[in-house]
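Look at the two complexes coming up: subunit A is in both, with subunit B in one and subunit C in the other.
Let's turn to the complex of A and B:
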């Protein structure tokens, strides 16, 4: 825990020369990591060629050991273990000056490239990584739309196409999992609860740098033969894949699961024990609840994904047969373990987005959130239900026919807490003073898209219609509406909302609006037409578009051009703002949560004096005591039909 | 969002005569838009709903349409209230004053929960009923067809006739006779799907799964597609199934080496 008592201005080295800047830093980490991976890979190659039978190819063993070595040697190079050696063996406790140095004091921008413990640095690192992953993943998306725009194999051979689809999927899934719990959870949440840093600052840095080393691992698949499995990596096709590109995928997941587990534990502990005086559970901002539920779900879900990938690696490297029916294994084992992670994961992505949408709706409607407890209860209900609905992904797998009806029941029950969320958000905007800014637009889009995503989920939850649509483009369009339409649009709401606080500059609102409209129109157009393709029976993962689906796909691809343009508008906006944007105010939007009470840029340790909280941060308008039976009764009970949302 | 159901609205003073009755207007707009939406849907549904040629498919399409008719008012509720808020409660610039601190009353919360719960229950009962109907169908002259998936083709066997598709690109089924598929895989996971019949089940290596029993009701040619990612040529794993008259079917069985 970083010092809360002193912040004396002692830097360890007053005039750092080049060597002491580079070691330790990301540069020395990469150098040592590459050297270590190469040496270990060569050694394992020698051993396995000498001692293993010829029938067993060794390139998976080489790739696996190289990935492990890359992670360890990178961490040594960046100095992740320095603290353990200096203080872990009880030579002495870290002094406040050493802690300040680790938090990046006096290191300027270079602190973003070091093993820096300051939660704000980690938050910005997560933000930059999220945006980079989004960019890489969207290149994959545009490649897919390009290939699917006309019938026939246009640009890619089947192997490349499948690798692009699979990599697009898993990169985007990882990016969406971290997109809010990373930047907002690390940068904003500690300030929101009145803490000076996270509970475990060094673990915080570790969770980020594990994510950082993970990116080259998945990108390596393009040079190692790719993988054909789709983002979910189903076995036995994952066992069967001969190239080590599949091993890249497995280690990508393993490392990511460790990173996320560390981050989740850290965020949970921070919220549990680091809240400032008066920050009771009933006064936590909605965002904090959303992030908390998300990481709690992730903490429960990710070990399953990690474990199942370890089993695939064992199958691939040590010739075990967890998933091979011919040797006593079962593909059902993979499917159930995977979806036991896979469905909560959807809410790991969406819950923080919904929470952020509520937070932002409050500020821009200038009204208290419509039913604070309702929203918390809604997110709690979604979290609990989300762990018992994985079976709806396997309705047609044949592994659980007697359980299909119970799974249908609890899947449809999720629409009740989700409906409450819509009540709360629509109610928050109702009769507010709505200030239409870029974040507000994104919040409206979250609601519109999530209604479409949720309602189309009902078709997939109900067994008779699922038999028509399962495994088709309808599913693809549905989960893009939830994960992109609600998830990513929620991320961009939070991005435009907190960017002035995180970076200290004001994004151009005109470019922001252009980004929004291009993105929303392009997105809705693209995926509405993919719904139609799905209704006509187009299977997912089609490299070759068959005749009946051509029109819908071509139109979808044309709409995707708008999304492509929007990406570059957003990039231009960010780059332009970083270079010459005007400085933002400390309280850019008139928010009442604690992060808007501290100066911009936020100083190290955040608060001069820890604040004392006395109420919910949503005290807009004057509070009139509740009165029963007031107002006209004629309009009571007309709340006819509610959003039935379901995923 | 009835004013009567919101705590904190000024007692007895809402809505004032000159202030428009926002809630009433929004609800009227919602009803109008929902009705228009349902009418438009019923007009376009023949063009975008999946074409179906079996008894099973017909009941699935019925479910599809029922869900849509329920879904339209639900979606429109959110769309209309958001659009109404955006149009009427928008302020030009940074707001100088706050909105009223409205909170939902217990009656609103309970009503909302009750209606969403009732819709949910209806969906569940409807879905269970039709699922039960599909899976419990039985008949004594069912045509059994064994389907074996492998990368990247389908093989069909007719054990009652000792016939096999032998790698033929087209297989045949008799019209108006119950059919059931027994599906398995030789290598990896595949997805066996014939959209026109509304049947779909995974082909798992080492297991045999069955589709629901169904009756093809129209002659014609339909596509068998793989709908689980199965590797390189997944998107080429198509075959055709022709529904023909009983006599044509018998002739085809004989040509495939079967005996009647």
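Let's turn to the complex of A and C:
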């Protein structure tokens, strides 16, 4: 199955000059993208001015065309289309040397700034982008808490406040969607299933760089008048939003949906066909199942999100009327199409986090996973139910009273598979000899936070209580407990768990614990007090808090300071580790999944010889004293650390 | 992170075939859901007829005859592709390239035709819901046809370079997208034609 090509590989080892390094790369991509966007924007500006009866340019058309040109020319500049043309018109198939060059061989750190196909590079790119998005999104969160710390307009006018809330929301949603399927799905999953790379390496790079070009698109909203429509971009408000900042949001979603669809297709195909010998469906690690269910849901849900944003763009640019009642459109169309995506999206975020929590629980409880099949079945049940519950977001909209009861019932059904999953997670820890590490702490937090998020969700699923609570801070607190409490804490569990494998260095555990405790105490404190504010009747989307809600909001803002400090602790830990951190061992935690059987740093082709899998990777026995330098091991000794493979 | 081991590994042929099939099937499923979103959304607006403004006097659909010609062209393109693909997707056979060229040319003509239909829609603003749907379906179809044409051009280039041998599965999975494009476009057109 393998062939050595050292002779051809030599040709790409020549030291490249500066020009060949920069072209193609992210630098040439940005330069060409900016020039292309400026020229196309200018042309459309002239054309729309010429055709306008008032000689006024169509700002939305200009913004839309500039965004399309930015993406198109960036992709030309970074060389995304080179492989496509070579596939069709080259005289020969890519040589092994060319493939290695595409995979970043011999390019050092610069490979992270090129159209590199190696799945590990793409995984690290996703990780860096996720952290950057979290940082930007958290700046919005702290701005919100600052503004709501005292009554009255402190820093922002209502319009700016709404833009900050909206941008915070959508940036965080995007970050949480990619936070595990991006880094773990790309870096870890292929190794976990015994593959050398993703099924479609070039498409893998494309999915990441589409995400990269998407970031300036959403940030441009701050220079184009912003958008006040919330992370959901409700129409017809979105249609009537006069500034092109709303168009930034729409294109951000369109590009992200394309990126995510490509990534989902790639990850699903990889798991479907690239598994090594013996890696049967019954031996797949739980993480792989979680990522698989997540991307499958995304593949089905994102087309609806994409199409509804296309309709909004048509409404804004061409003055169609999909959502304008005066011309026969309907806001309910937006709400249905949006929430048909919007509710599965919650599980796109949460399922991988829960799966990672289960994976980590096994490793640190040092005992077999409790109810492997139950876990898979519960994730399948959650996935299926999640696509038929979107109507509960429309309870109070007045669109569909006869369907409210069925939607209430199927929404509440989700608590059954979710409860089963939690039973399995608790069962895994039960009577285990728990090794309390930073990843373990985050898993404990997932358990605590998601229970709070889940139980408060029942009140919102119930029609009578939702009538009272909808549109209030109770909802805000609930979904933060779900998406942050389970999702983001699950991400940080995976972050501390796989960082040594991905980066080759060990994060400082003391700083990790400090990060955890500041984050968990700050998070629970902040949002418990927002629950109180919600029960007192505080509405969402209010820049200036009213007198009855001052105390709860002030206390919540004080707790948010702890979260802010935790962010900087985490940043310091990462920067310090990258600069001076200790080198990580190949099997940092005594894990039994395949990624822990390969060296750190992971070689380009992952495995020298493809492994043959013989069992589930969770067959831990009782702990025996660790031998020097090997860390805790199971009763099988060092060999027992890697029982999933034969060779 | 060094990349210390420097060997290149060829994928097994069966995996190459399986990943191509899986990848294209998943893309078709995803795109079909976008088509369903358009159809369901359009049907919903028609059923709601908000404020009786869904369709008002003077609203019109794109030319039936032009649309029919495009759809006939698409059918012919699909048939021509089938005549090429049924041989080309078998190991050791190449198929009649003329049929692929014919199929591609018809697809290009259909794409130009659909684009012309979209460009010549002179709807007055604000565009009513009924006409909004037609605008969306026309351009959505045009994008699909251009995408298929680009795939056809790449495939044809590959054949001209003599690089289809040993990659018969490329002809097979391309045919899936080709047929899907034809079927989805015809379904959308039929839906739009019977939309009142």
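Everything that follows uses one rule, which is that the second predicted complex is superposed on the first by the 605 of 647 C-alpha atoms of A that agree within 3 Å, B and C clash if a C-alpha of one lies under 4 Å from a C-alpha of the other, contacts with A are read in each partner's own complex, and residues count from 1 in each chain.
Basically, a residue touches a chain if its C-beta (ideal position, glycine included) is under 8 Å from a C-beta of that chain, and two chains touch if they have at least 3 such contacts.
All values derive from a computational prediction rather than experimental measurement.
A.B. asks: Please indicate which partner A:87 is in contact with in the superposed arrangement: first for subunit B, second for subunit C, both, or neither.
C.D. replies: Once the two structures are laid over each other on A, A:87 reaches subunit C alone.
A.B. asks: Looking at A:17 after the superposition, I want to know if it touches subunit B, subunit C, both of them or none. Which is it: first, second, both, neither?
C.D. replies: In the superposition, A:17 touches no partner, neither subunit B nor subunit C.
A.B. asks: Who does A:196 touch here: subunit B (first), subunit C (second), both, or neither?
C.D. replies: second
A.B. asks: According to the stated criteria, A:326 is in contact with first (subunit B), second (subunit C), both, or neither; which is it?
C.D. replies: both
A.B. asks: Of subunit B and subunit C, which one contacts the greater number of residues in subunit A?
C.D. replies: If we count touched residues of subunit A for both partners, the winner is B.
A.B. asks: Contacts for A:604 in the overlay, against subunit B (first) and subunit C (second): which applies, first, second, both or neither?
C.D. replies: So A:604 only meets subunit C here.
A.B. asks: Once the structures are superposed on A, label A:431 by its partner contacts, choosing first (subunit B), second (subunit C), both or neither.
C.D. replies: Touch partner of A:431: subunit B, not subunit C.
A.B. asks: In the superposed view, which residues of subunit A touch subunit B and also subunit C?
C.D. replies: Shared contact residues on subunit A: 324-326, 330, 332.
A.B. asks: Subunit A touches which residues of subunit C in the complex?
C.D. replies: Within the complex, subunit C contacts subunit A at residues 1-10, 12, 15, 18-19, 22-23, 26-27, 29-31, 33-34, 36-38, 41, 44-45, 48-51, 53-56, 125-132, 135-136, 153-155, 157-158, 161, 163.
A.B. asks: Which part of subunit A faces subunit C closely enough to touch in the complex?
C.D. replies: 1-6, 9, 84, 87-93, 96, 99-100, 103-106, 118, 120, 196, 199-200, 203, 261, 264-266, 268-270, 272-274, 299-300, 302-304, 306-308, 310-311, 314-315, 318-322, 324-330, 332-333, 336-337, 503-504, 599, 601-605, 608
A.B. asks: Which of the residues in subunit B end up touching subunit A in this complex?
C.D. replies: Residues of subunit B touching subunit A: 1-12, 14-15, 22-24, 27, 30-31, 48-50, 56-57, 59-61, 63-64, 67, 70-71, 73-75, 77-79, 81-82, 85-86, 89-91, 93-95, 97-104, 107-109, 111-113, 115-117, 119-120, 123-124, 126-128, 130-131, 134-135, 183, 187-189, 191, 193, 195, 198-202, 204-207, 209-210, 212, 223, 225-236, 238.
A.B. asks: Under the stated contact criterion, what part of subunit A meets subunit B in this complex?
C.D. replies: My answer: residues 158-159, 162, 228-230, 234, 236-237, 240, 324-326, 330-332, 365-368, 370-371, 374, 396-399, 401, 404-405, 408-409, 412-413, 415-416, 419-420, 422-424, 426-427, 429-436, 444, 447-448, 451-452, 455, 458-459, 461-465, 467-468, 470-472, 532, 535-537, 539-544, 546, 590, 619-624, 626-627, 630-644.
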